[in-house]
Amino acid sequence: MKGWINMKKTWSILCLTLLCMLFAIPAALAADPAEAAKIDTGDTAWVLMSAALVFIMTPGLGFFYGGMVRSKNVLTTIMQSFFIVAMISVEWVILGYAMTFGTDINGFIGSLAKVGLTGVGMNILDNGTIPELAFVAFQCMFAVITPALITGAFAERMRFAAFTVFILLWAIFIYNPMAHWVWGGGFLAQLGALDFAGGLVIHILSGVSGLTICILLGKRHGYGKLPMLPHHLPMTVLGATLLWFGWFGFNAGSALGANALAANAFVTSQSAAASATVAWVLIEWIHNGKPTILGAASGCIAGLVAITPAAGFVAPMPSVIIGLVAGVVCYTAVAVVKAKLSYDDSLDAFGVHGIGGTWGAIATGLWATKEVNPAGADGLFYGSSDLIVAQLISIVVAYALAIIGSFVLFKLVSAFMQVRVDESEEVSGLDIVEHGERGYAQSIMTGSPVIGSAEDAAMAMQAFSIDSDPVSK
Amino acid sequence: MKGWINMKKTWSILCLTLLCMLFAIPAALAADPAEAAKIDTGDTAWVLMSAALVFIMTPGLGFFYGGMVRSKNVLTTIMQSFFIVAMISVEWVILGYAMTFGTDINGFIGSLAKVGLTGVGMNILDNGTIPELAFVAFQCMFAVITPALITGAFAERMRFAAFTVFILLWAIFIYNPMAHWVWGGGFLAQLGALDFAGGLVIHILSGVSGLTICILLGKRHGYGKLPMLPHHLPMTVLGATLLWFGWFGFNAGSALGANALAANAFVTSQSAAASATVAWVLIEWIHNGKPTILGAASGCIAGLVAITPAAGFVAPMPSVIIGLVAGVVCYTAVAVVKAKLSYDDSLDAFGVHGIGGTWGAIATGLWATKEVNPAGADGLFYGSSDLIVAQLISIVVAYALAIIGSFVLFKLVSAFMQVRVDESEEVSGLDIVEHGERGYAQSIMTGSPVIGSAEDAAMAMQAFSIDSDPVSK
Amino acid sequence: MKGWINMKKTWSILCLTLLCMLFAIPAALAADPAEAAKIDTGDTAWVLMSAALVFIMTPGLGFFYGGMVRSKNVLTTIMQSFFIVAMISVEWVILGYAMTFGTDINGFIGSLAKVGLTGVGMNILDNGTIPELAFVAFQCMFAVITPALITGAFAERMRFAAFTVFILLWAIFIYNPMAHWVWGGGFLAQLGALDFAGGLVIHILSGVSGLTICILLGKRHGYGKLPMLPHHLPMTVLGATLLWFGWFGFNAGSALGANALAANAFVTSQSAAASATVAWVLIEWIHNGKPTILGAASGCIAGLVAITPAAGFVAPMPSVIIGLVAGVVCYTAVAVVKAKLSYDDSLDAFGVHGIGGTWGAIATGLWATKEVNPAGADGLFYGSSDLIVAQLISIVVAYALAIIGSFVLFKLVSAFMQVRVDESEEVSGLDIVEHGERGYAQSIMTGSPVIGSAEDAAMAMQAFSIDSDPVSK
Amino acid sequence: MRKITKIDIVTRPNKLEELKEAMNHIGVQGMTVSQVYGCGLQKGHTEVYRGREYNINLLPGVKLEIVVCEVPVELVVETAQKVLKTGKVGDGKIFLYNVENAVRIRTGVEGSEAIMDEK
Amino acid sequence: MRKITKIDIVTRPNKLEELKEAMNHIGVQGMTVSQVYGCGLQKGHTEVYRGREYNINLLPGVKLEIVVCEVPVELVVETAQKVLKTGKVGDGKIFLYNVENAVRIRTGVEGSEAIMDEK
Amino acid sequence: MRKITKIDIVTRPNKLEELKEAMNHIGVQGMTVSQVYGCGLQKGHTEVYRGREYNINLLPGVKLEIVVCEVPVELVVETAQKVLKTGKVGDGKIFLYNVENAVRIRTGVEGSEAIMDEK
């Protein structure tokens, strides 16, 4: 209840802000139909489709994670991803797009002139061939999935109220600035760092934030002693499938057009995902004696994470190597290092996204080539060391931002509300405690409605009394 | 058995008709390759893709609904949507497209010249930039999903035979005319009513028809007394995910091209869905004390329904408001009003689609603006009241058609066959009774094959007799 | 263990080959930016999207098959499809594309000049309007799904190690040549055989290979005596949904552009799938007394298989007939013929893909018309018998290749490793035995971690000893 | 120690809710329910998969285990019959067993008090 | 009243079908089956999740509860053994209990007739 | 034949692992576990679906059936109490029954030896 009251305050403020902004609506429309002629329909079709593909990744992530938790937490886990889709989309159209892609202010943040998408209208994207709104939609999905990735780290123990507040703040104060630095013309872009579809901005940022939070939050009760097995692996595979599927939009869509660059990103994504899957399965086959489907599902994600920053800069064969290495490195992070260091990153947000993203950012510095993307740069193996330096600096910046930012926000939220559920609630499971729902209703385990029309209840009672009268005599 | 015999008659007639039409095949091909030069590949790519997206919505709806019923009815529920995809697609290419988009006859119905897609061939769409067949495919998916939406209202109690006949008649006599009136150049189009992607034609029509049928059919046995809980919420979320994903094709595809209008519809869809999700979850958090995942899944659908008629006419910020209101209004319809009025709309087809669609049609009359869509009109908040009047008239027409039409068809079907399962069948569950299948086979609950090669059976028997002989002595 | 050692050898060789090839990387890039101007963005958008759609079919197939097996084998079954995606994608970019689409050598195989995608770079596809890499990606997905289809035939009894080796060899020595013969300019193409999206290359090849393997492998233990019921039909429907959805990319994407031909393939796919579903459900309703959802799911696949070779050559009305016949013929193959002949094609890979593909190849010879596709030919019903002859010859070739090839490869693999699991392993289920995982973890059925940090284990022990000490005194 | 009896009731799943309420009504303090599959005179049903029919003769049921001491066994049996009797095959069975002892883990109390209402 | 006995058979799940048929064959009128997890001499198996191994020692099993009166207990036990014995660890156990009374809910008949064939 | 006793322990699911280990520790050779739903003094919880609240008062639990002969019944009961007692409502119950006979299917051995350690 206490949490709820705090929630109410937070939300009231938010809602007010929202309403205020809505008065500015008519101003939001400043279309310039003259320019519309330059839109390329093929590019637009591909970017819109890619936005839809990236959209499905976040609920997909919910299933990927949801299958891995114990059945008593399946809804909580899926809900975290699903609710983020909603909450951050609203944040994005109102605030996030402006902060990220508004006119750059000192390389640090976008001007707020585009708040509420003011002035976007039916415009064409600057230096682009697509409507700006298509870009808004595409980028919205990126802003959505990034915080969702973090949820794997603190699964099975965070309160929903604290979760929503934390994620909202994280999106505003960590994601939006970082995305601006790399993609919105900020200082990392000026430095020459390359990040095709979000190795730094998305995977390192979310993975490292996840690690920070899971350490601050502490281990799940019984971690290391009680077994915590995935309750529904087909669900996890479904999630991995939707993620892989959507990732084509993520990576190939980042070409912002339907061209050879998009095709290159598509092929490199597929080959990196595939080779990482093979690598992960083989390494665990050798190491543990069994090739597992959870390994295959984890492997493809590791490969996709690693290729993300590189997809539009490297050729297909290097992408095979990037994938193979990603499979081995992430497996080691998850199966060996985590056990050694003994933090409870429940679903390996750091092991897969943090580590995989770091490897991908480095790999971009190694194999990037202007033959693939003239707008890119040549990596170490193509004769230049400038890029790898820029990549390493950016990695450090991303780590620093993620650790410090998440730490501060976590402490801030903790000051106002309870962040972690009580032990008894953790034992009962968060689905019942936090959401009042169960994932799977056993036909046997029923219940009687306690709310409903008064007549219903009366009838039910009466029905029984008549029957039971003679008995109770 | 009686139902089956009636079924047979109905189907024989249908099959005969079908066969007759097939003799006319060669005539169906009258391609004009000269025109083909005007096809825009980008627009075509987007419309084809959108058709695929809308396709997946109907099975997705099956999962959305399937997760909400009790496990004994999961297959029946999924089957209703899945079979509609098949049945109505056949109806559409043979009859529906002609009725809806054939040359207009008195503003009331299309001429049947295009029966069996005669004359469509490789043509380009009139006033369009895409092949007419792409439009046939896209519209086919709309014709499919509309009747599927209704099934939520009568879930868990309708016989499959009656269901197929009713739905087929409904598609032919209610959907096709209404779609013609609004989109095929019929009288509502002439009136000036706007319905971008189907608020009137799809959501009001299906929601109100659902309400009508569920009242005629009566409540489920034990409704209000026995608990009827969703048996598999992750399945419902999967369904909501596929619906949301497909809805981008539904709304943005309705621009019939890959342009700024499509991008606008894409963004407004996302922001309405997102804000309705947030609104529904918050309102129930306040009202019931818990934010639920079923609320989130229901909320996004409510938002998508509401934005459907408006997606290509309103700007992004109004779409946020449309979504917020949709979340609150539909929640109230479902959680408060339904309980008060005490009809058994099992899965809230009316509460979400009927009410949401009505709100969306009104909202279009409020926030539509020619700045977004010059082919549209200005709504009340942009200085004109013509549109809202046209919208209100259309709503009344849609309600009237849905109520009267469904009533008449229901009575007609009832006259020939049993529409509702017997009480004992309802208790056993429709999966076993109607389809002879179970959704989930417990490894423990097995059975012996009763059909199969005679030898198998003999072997099985013998195998046992030999073993058991000494025992029975 | 023995199997594993053999595996290790096989894999070492493979990995070595792989590494060798990677040294050739820089040579792989020979882009010619001059040509890039000819790329059509709309066509590219559609082909990339289609590649993503075909991608999702293979995991979809995993769910389609996975729902039909007993719960103890669900992961094994899904894993087979999922791992094939990874393994064959790597094979394809390294070897397969070169073998299939390299410069033709005597109508038999492609030259290996394009090994490792050497020389593909940023080129435009010969005689095409899309980047060659988009074609590489699209064809990769075809190479992936074909062997995955086979897995339905030998489900629930094949060892994973033998499975991987067999499939890899099959892809290299059976699929790649056959695809070259039909699509890569090989001798069947020269003969005039038409196969729009893979009736011969994909469905006959995989279905007949499946039949061969399942006979060589023998029946599942208890087949025909113990019931082997699908454990999760909603999962099967989900798989069918993803297959149907992806098939739009499969068939309409095979037009390699976003044009009227693609639209025609889209519509014929939908109407064939739909009519086959209706046909299968009706025939079993008459034959067994119940319309089943498994029938609906099987029916749509049968229709899609049958229309695959014909989709871009026939008009919509014939596609309805092709679908209706496919539904009836495949039902008969699966429900009547299989029982008579008593082989154990576990999930009917032959009954659906082999038979459906054969019917489709014949139907192409009957209804193909140049009015739909000027690059095609006229079938028997349009006045020419050349085509049907070419089709029949191709069918014979495909059957011969599949039977002989699979037989030889199976014997080869058997010589080196155990192909089938032991009976006791089959009883326990392959999920546990082969992968050390369970699909669904009952909350009740837990386990104690046996690996992990040493401290954890010590703590756990200690925790208990202290508690229990007084008791054991 | 007073005699303690365990009453096993095997019946149709859809009667569970009603039976539970009836039991509470007559003062039964607790019960343990499990999902079972029953096989008896009641005919099973036929399922069809890919044209092959299967006869399923294990039907889903519920088993209630009620341990009583104070509440008279006859009252429990009568009440159960009242609620469960439909007269159609498959109504189920009631079996009675002697319990040697009962312990309430929370308090360690043994015998009849372990299952009695705590005042 | 004749002595009524409950026979609990705990065994491997894959034997259920065969056992059920064998029981019908010797005249057992009904039985109640439930899914259980057993732990005994039989070794469990190892599962692997993200590189961590788990030792699962609760194995899936089935429990049949058969209440008999007319059919001799020995016959049931012998038949069960015949069908279930593989000689490998994990074949399971049979336990016998005394039943104080039985009631057929549908008819209200008590005692041995509650579980006998109705003529 | 020595007296054989069946001990039924109904308790919270999350205690299963610990209880199992404690039982092995005191020499219990085997046990059979099943998933049950319990209803007693422990309050259920409320679930909400589309704005309607439901009171769920069947709570998930586990039932362990342990048949012992050599191992003293008191030791089992004490150990179980030790592990399971939290002092909060819902800790569960232990019921003891007399077993007439036991058979180990694999060997056909009857009586107390059927459940004893095989040397």
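Read from first to last, the chains carry the letters A, B, C, D, E and F; within each, the first residue is number 1.
Following the convention adopted for this analysis, a contact is a pair of C-beta atoms (placed from the backbone, for glycine too) under 8 Å apart; a residue touches a chain by one contact, two chains touch by 3 or more.
The structure presented is a predicted model; accordingly, all values stated were derived computationally and were not measured.
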item: Shortest walk length in steps over touching chains, chain E through to chain F; value: 1
item: Reference interface B-D: repeating pair among A-E, C-D or C-E with over half of contacts shared; value: C-E
item: Numbering shared by both copies at the chain B-chain A contact, with half separating same from different; value: different
item: Distance from the mean Cα position of chain C to that of chain A, given in whole angstrom; value: 31
item: Intercentroid distance (Cα basis), chain F paired with chain D, Å; value: 18
item: Distance between chain centroids, defined by C-alpha means - chain B, chain F (Å); value: 50
item: Set of chain C residues in contact with two or more other chains; value: 40-43, 45-46, 49, 226-227, 229-230, 232, 238, 258, 288-290, 292, 294, 339, 436-438, 442-444, 446-449, 451-452
item: Sites on chain F at which at least two other chains make contact; value: 17, 33-35, 37, 47-49, 51-54, 57-58, 60, 97-98
item: Interfacial residue positions of chain C with respect to chain B in the complex; value: 40-43, 45-46, 49, 53, 70-72, 224-227, 229-234, 237-238, 240-241, 244-245, 248-249, 252, 257-264, 266-267, 270-271, 273-275, 277-278, 281-282, 285, 288-294, 296-297, 299-300, 315-318, 320-321, 339-340, 342, 369, 371-372, 374, 382
item: Complex contacts: residues of chain C adjacent to chain A; value: 4, 7-8, 11, 18, 21-22, 24-26, 28-29, 31, 33, 36, 39-46, 48-49, 51-52, 55-56, 59-60, 62-63, 66, 74-75, 78-79, 82-83, 85-90, 93-94, 116-117, 120-124, 130-134, 136-137, 140, 160, 232, 235, 238, 242, 258, 434-441, 443, 446-449, 451-453, 455-456, 459-460, 463
item: Complex interface listing, chain C residues touching chain E; value: 226-227, 427-428, 432-433, 436-438, 442, 444-452
item: Touching residues (chain side chain D, partner chain F) in the complex; value: 6, 20, 29-35, 67, 97-106, 108, 114-115, 118
item: Of chain D, residues touching chain E in the complex; value: 5, 10-11, 34-41, 57-58, 61, 63, 77, 80-81, 84-98
